[in-house]
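Same chain, two partners: chain A is paired with chain B first, then with chain C.
This part shows the complex of A and B:
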């Protein structure tokens, strides 16, 4: 009963808002704001014909490829820079400069240089996402406890083991936080690159529909992008909670203990 | 603060000045190393272009430098900068007013806070720029549309941070305002707003970064006047030296804004950190 009540408490406002949109748009005469029922109808139709599914797959593929490259490169570069203070100090202004370039300004340059296909899009997403991950990984590596580091040195832990078993786990919370920053950037850059020049992808679907004046399709695409962004962020939350469960437990022993005791009550 | 306490005895003062000199020496070394690194990068770039390793369209460093000087003397660059900045800042201003008001109101009512949770999560992860083609049809590719897109994108971090800020208010403070029957407007201005200010300012800082990203993105895509449009025009016209110079200037601009905001936040919230000590 209590659970049902809690879910209702969180759900009533979104449901009311969607209902209001549905009812108000149903009788609206505006060409630009088609009825929500029509948007949904179009979305279902395009999904059934397989058009929209292919676009979504193309977009998500680029997104994951770009983000994946950014994560691997970001972690490796971040750990190297975090471990070598001199190098870090030297390239620090460069990293902060690249981090500050508005990523959407890169889109015309990279696509203009590399052409339309999906490789330049993956590259743009990777380039935009790598900087926050590098910066966070550096922070993570630097926050490794000196005691742990000395122990690893004293026992002559081999470099590879030191990297995978000491540095990586202890900087993982920071790295995950960096990826969390990078995720919405990746979605925005993905959409911008597809709106700029593409042959497939949700952004292309939206652009094509609106240039053919198919407003219902354009709205359907925009809603779909929103759902995609939301789903990715929720999935990442789940993933983060699983990946870092040990961290929350070890860093907050009192909270964990009180949680278990309160459960016992 | 620290240096003043160290100056109390002459012995200590001398030692600290020697230490400061050493620190200054290593600082100078860092600066030299940084300049060398940047120079090395530029030389590598130049060599890569001259030997043909770099992609065919990459401009030479000296060409970009010349383009940079050319741009800085041109009125259309400064006009474009003004257009981008004004659109971004107007959008953030609107987003701040809307976001802080709604965030604080909703955050001070627990039931409302729970009801908007899903909407906030959705809005936060929605890439507003996806609405651009539709908005171009409805409003047209102009400054007003750009401001609208910027404020739609920038409102979420401010809203979320204000909401958290209001929820974080200690129960003692809220009980006191109730027992003294402090009028709602005064409570809003003197209790709720200041206690949520550190959170709000973080929200605004995120929003400003987003606003520049979105403003440039809108200009790149819709040919609305501004820096983004200049880049697309330069690239479309085959003037890669100009395009790279613009990109460099936009990077400098973004960097300057980030640095400025970090400083402004530090100044504005000095009282907050004083309380922590």
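This part shows the complex of A and C:
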């Protein structure tokens, strides 16, 4: 019962907006703004035929591959740069430059250079997402308490153990924040990458539908992207709360106890 | 395996002509200079001096965390160039030296992982040492679920579990309340008596220095050096009421206080006449 109430509390506004959209668009005559009922109809139809499912799978596959590469590379590079001030000073302007470049602008270039297939798409997603993760990891590593480092030195903690059990967990809150920034970038670049030299993916589905003047299908694709982004962000919240439970609770020990007993969110 | 890790063969720590400075040339600032000290195995030495005299720098030199500028620190005659596997350090800032993503027992066991001790064994050692500091059964708590006094006990348990022959403590009770402080002092006295481990404790609190130690080493003036040594002669027995009203306690306390005051006067003078 409580769970239902909480879901309602969270979702009432989107539900109301969808209902309003549904009713208002029902008798729409414009080709560009088809009724929502029509959009849902084609979405269900294309899912049933397996067409849309395949596109979504292709997109999500690229998204996770690109994001995964960005996370691994971003953390490793970030920790190395965070620990070596000289190197960091040298490459710092470069990182900020690449961070500032609108990643969608690079997509046609990269795909032009690397050609068709999913590899260049995965690469563009990874390339776009890696910068905020690097920057946040650097911040995380630099803000490790001197007392923690001293303990590690005094007790002769070997380098490998120091990285995995001290530096990494200590910078995890910032790393996670970096990944959170990268998440919507990944979705945007995923779609944009499928507008160039693509044969599958949600972006390709949208582009193809609109060029065939199947605007309900194009709308269906756009809505799916939004749903995908939202689902991803919610999934990440769950993951984050689990991964950083110690962090939230150590910063607020009294709330922590009530949270574990009554499962308050 | 005994109940807790005990110091089987002690180590002698010697400090010879130790000097530590920061900066170079005209800006060179000596924190410590010409400091000599010899601590035989099993002794409890407290180093007392006014705030800002360089006690923490001294302790960091003794632990091998900072290299000396002159002279050196020797363990059984071997020069100390890096942290030593038989020296455990208890830091003043316990809340920062305990890792918040590990439980208490994991924190205590963690340094042993670096020593290559297997998981089951190191957790067992950690549990035994937690029991030795009065925290038996609390291993699954996180440090931030504990009071300051309990956290400092965990830090002490970690130093003991490391199988330290020498325990270095940097103002370990500076940030706990008075009652907890007395309890922790007695805990350290008991651990020293039972385990025979060498303890070098740095403090600015004269009463604490006299109460705990076999020998009080007084350091004063910039750069820091040893100005006096007092053997307390209380033996292994301590009692918060009895010991503190012992005439020897009052005498030692008075002597140190006088020394430190004249030291402060000397510092003020040297500042007044550049």
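Operating definition for what follows: the second predicted complex is superposed on the first by the 240 of 265 C-alpha atoms of A that agree within 3 Å, B and C clash if a C-alpha of one lies under 4 Å from a C-alpha of the other, contacts with A are read in each partner's own complex, and residues count from 1 in each chain.
The rule is simple: contacts are C-beta pairs under 8 Å (C-beta built on N, C-alpha and C of every residue); 3 or more make two chains touch, one makes a residue touch a chain.
Fair warning: this is a prediction, and the values are worked out from it, not measured in the lab.
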Simultaneous placement of chain C and chain B on chain A, clash or fit: fit
Contacts of A:215 with chain B and chain C, given as first, second, both or neither: first
Dominant toucher of chain A (residue count), chain B or chain C: B
Touching partner for A:250 - first (chain B), second (chain C), both, neither: second
Three-chain overlay, vertex chain A: chain B-chain C angle, C-alpha, nearest 10 degrees: 90
Touched partner set for A:32, first chain B, second chain C, both or neither: first
Chain B versus chain C as contact partner of A:12, first or second or both or neither: first
Touching partner for A:147 - first (chain B), second (chain C), both, neither: second
Partner chain in contact with A:156 - chain B first, chain C second, else both or neither: second
Chain B versus chain C as contact partner of A:86, first or second or both or neither: first
Touched partner set for A:238, first chain B, second chain C, both or neither: neither
Where chain B and chain C come nearest after superposition, their Cα distance in Å: 9
Interfacial residue positions of chain A with respect to chain C in the complex: 145-148, 150-151, 153-158, 161, 165-166, 169-170, 172, 246-247, 249-250, 253
Residue numbers on chain A that touch chain B, as the complex places them: 9-14, 17, 32, 86, 89-94, 96-98, 100-109, 112-114, 184, 187-188, 191-192, 195-196, 202-203, 206-207, 209-211, 213, 215, 218-219, 221-222, 225-226, 229-230, 232-234
List of chain B residues in touch with chain A within their complex: 30, 33-34, 36-38, 41, 55, 57-58, 111, 114-119, 121-122, 124-127, 129-134, 136-138, 212-214, 216-217, 220-221, 227-228, 231-232, 235-236, 243-244, 246-247, 250-252, 254-255, 257-258
Chain C residues touching chain A - in the complex, by the definition given at the top: 63-65, 82-83, 85, 87-89, 91, 93, 96-97, 99-102, 110-111, 113-115, 142-145, 158, 162
